[in-house]
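There are two complexes below, and they share subunit A, which is joined by subunit B in the first and by subunit C in the second.
And now, the complex of A and B:
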C-alpha cells in the first residue's frame, strides 16, 4: 500500500470523527477542541496532496489565528453553562445547516468534474514550488477578487469596532476615575 | 522496501532529535539557574555534583517520582491533554529546523535536519503558535480562577506578538527570496551577508516576540507569581507540571533562538577553523549566545503590565514591521 493512500485514509477518518465531535459533543470546549482537530486533519490532507503552502497556512490561520478567538470567548463561559442545551435554536440551525450542506455538496460535485485543468501540472509545480505558483496566480489573474475580499474584511472589521465601541459617557467616566 | 527504509531513517532521526532535545533542555535548566544565581549574586545550584552538574538529573528524578495530584473538580481529560498540547508542538518545530549542511559519514549522506520542506518557516510558525492551546486549555480545565486568568493573559499576549512575529519574518524572506530555512542560510554568505545588518528593525521585533512567546520576563504576565500564584499551571503537579516550563522556557526558547540564528546571523556560516565540524560549532555558538542574551533580559528586567504588553504589540511592534516591509521592498525595487 502506498504511503499517500494510508495518509489520506487516516487523515480523512480523523477529520470525519472530529467533525462528529464538533456537532455532538455536549461540552462547548470539547466542540472547539474537535474543530481544531478537524482543521489540523484537513491541513494533513493538503500536505498529502502536495499543497504544502495551503497546509501550513491552514494550521497557522485557521487552526490558530481564527479558532483562538473562539477559544478565548468560549473559555470564559463557566463549565456548567457550557453544558446546557437549548432546543429552541434547532428551529433555525437545522434548516440553515441543511442549506449550507446543499451548497457544499453542489460545490464538491461541481468541483469533481471541473478539476484537473489549468496550467499547473505536477511537473510545473515541482519546478516552481508551491509559493511561487500560488502568488503568481494570486497577484495577476485573481488580483481583483483578492483586493475585494480584503476590502470586505476591512468593512467587517470597522463594523465590529463600531458595534463593540463603548459609549462616549462611559469613557469620560473612566478617565475621571483614573 | 525503499519506503520502509525512508520511514525507519526518519524515525531514528526523530528519536535522536527528541532525546537530544530532552537532554539539552535538562541542562539548559542548569544553565539558566546558574546564570540567574550569578545575576542575583548567589552561587545557584552548588551541592549536587561539581558546581551542580548533576542537578538536572536530580530534578528530573524528583519530578518523575513526585505524587501526581489531579484536583477533584478539574476536567480530567482536558487536564491531561493540555500539558501534552503545550509540549508536543514545541518539540515538533525541530522537524523543520536545519542544524547544518548535509555531511557524509561512512559513505552515507547524513542530513542534520528531519525535513527540508520549502515552506519550513511558515510551518515552524504554525507549530509554534499551536502550543497556545495548551496554555488556554490548561487554564480552563483547572477550573480555578488563577489558572484561568493566566491562560487568558497568555492568549492575549500571544495573539498580539504572533502577528508581529509573522510580519517581522517577511523582511528576511524578501531578501532571501525563499521560505526554506536552509536556503535562507545559504543566502547569507560572509560576515556582512548576515541579515542582521539589513534587517535591524525586524530583528528587534523578532527578539521582543521571542520573549513574549516564551513567556520570559518583561512579558511573563501569565505566571506573575505575586498576582497569580503560578499562573496557568497552578493546579498541576509532577511531570504534568514539569512539561510546561520545559516546553515553554527551554524547548521553545531554544528553537526560537535557532530561528533567530538562521534568519539573522547566517546560521552555520562561519570561518572553517574547526575543520569538518565547524558549521555545527558555529551554529551552536551563535545559538548559545542568543539564548544567553534572552536569559540576561529575563533575569534583569521587571515585568510590564498586561495592557502595556498588548499596547506595545499592536501600537509599536506591528507598525514597525510594516515600516520594515515597506523600506525593504523599496530598497529591493531600487537596487533591482
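And now, the complex of A and C:
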C-alpha cells in the first residue's frame, strides 16, 4: 500500500471526525480544539497533494493566528448557558445537508472533468519546485490582488481596533473630571 | 498510483456540508463563526485538488488570498462578537433579534 493512500485516508478521517466535533460538541472549548485538529489535518492533506507552501501557511496563519483570536474571545465572553444545538433546525438541516453532500459527491466523482490544463505539469513542478511556481504567479500575474489583500488587512485591523475598543475609558475620565 | 483527485473534492464537499449544518444548527454565535472557518477550509481543499489535477498554480494563489480574507474575517467577526456581548451580555443568536420585524 502506498504511503500517499495511507496518509490520505488517515488525514481525511481525522478531519471528518474533528469536523463533527466542531459542529456537535457542546462545550465551546472542545469546538476550538477540534477546529485546530481539522486545520492540522487539512494542512497534512495539502502536503500530501504536494502544495508545501499552502500547507505551511495553513499551519502558520490558521492553526496559530486565527485560533488565538478565538481563544482570546472565549476567555473574555463568560460561559454560555443554554442549549448548544437547536433541535428544530437539526431536524431540517441534517437531511438537507445529507442530500447536498450526496449531490456534491456524485458530481465530483462521476462528473466530467474535461478542462484546459495549465503549464505547471508534474515534470515542471519537479524542476522548479512548488514554492517558486506559486510565488512567481503571485508576484507577477496576481500582483494587484496581492496589494488589494494587504489593503483589506489594513482595513480589518483598523475596524477590529475600533470595534474592540472599550467605551468605559472615556466614561471614567469624565467621572474623574466631574 | 496515488489517490484520485475526485476523492479530495468529495471530502471537501463533506466538510462544506458539515460547516453548513453547523451554521444552521448552533446557537452560540462564536460556534457559528467557527463553522464558517470549516467551510473556508473545504473550499481550500477543493482549490488545491483542482490545481493538482489541472496542472496549474492559480488555485494555490487563491488559497493564499482566502487565508488573508479568513484572518480579516476572524478579526472583524470576533470584534463584532465582543461589541455585541458588551451591549447585550449575551451571545445567543435567538435573542439577538433587533433587526426582526
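Operating definition for what follows: the second predicted complex is superposed on the first by the 124 of 178 C-alpha atoms of A that agree within 3 Å, B and C clash if a C-alpha of one lies under 4 Å from a C-alpha of the other, contacts with A are read in each partner's own complex, and residues count from 1 in each chain.
As a working rule, a residue touches a chain if its C-beta (ideal position, glycine included) is under 8 Å from a C-beta of that chain, and two chains touch if they have at least 3 such contacts.
Small disclaimer: the values here were computed from a predicted structure and weren't measured.
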| item | value |
| --- | --- |
| Touched partner set for A:75, first subunit B, second subunit C, both or neither | first |
| First (subunit B), second (subunit C), both or neither touched by A:36 | first |
| Contacts of A:137 with subunit B and subunit C, given as first, second, both or neither | second |
| Touching partner for A:129 - first (subunit B), second (subunit C), both, neither | first |
| Partner chain(s) touched by A:63 [first = subunit B, second = subunit C, both, neither] | first |
| Subunit B versus subunit C as contact partner of A:16, first or second or both or neither | second |
| First, second, both or neither for A:108, with subunit B first and subunit C second | second |
| Greater subunit A contact set [subunit C / subunit B] | C |
| Which superposed partner A:53 touches (first subunit B, second subunit C, both, neither) | both |
| Shared subunit A contacts, counted only where both subunit B and subunit C touch the same residue | 53, 57, 65, 69, 72, 76, 130 |
| Complex contact set, residues of subunit A against subunit B | 3, 27, 29-30, 33, 36, 52-53, 55-57, 59-60, 63-65, 68-69, 71-72, 75-76, 79, 129-131 |
| Sites on subunit A touched by subunit C in the complex | 2, 4-5, 8, 12, 15-16, 19-20, 22-23, 28, 31-32, 35, 38-39, 42, 45-46, 49-51, 53-54, 57-58, 61-62, 65-66, 69-70, 72-74, 76-77, 80, 82-86, 89-90, 92-94, 97-98, 100-101, 104-105, 108-109, 113, 115-122, 130, 133-134, 137-138, 142, 145-146, 149, 152-153, 155-157, 159-160, 162-164, 167 |
| Partner subunit A, residues of subunit B touching it in the complex | 3, 7, 75, 78, 81, 117-119, 122-123, 125-127, 129-130, 132-133, 136-137, 139-140, 143, 148, 151-152, 155-156, 158-159, 162, 166, 179 |
| Subunit C - residues contacting subunit A, complex | 1-3, 6-22, 24-28, 30-31, 33-35, 37-38, 41, 44-45, 48-49, 51-58, 60-61, 63-65, 67-76, 78-83, 85-86, 91-92, 94 |
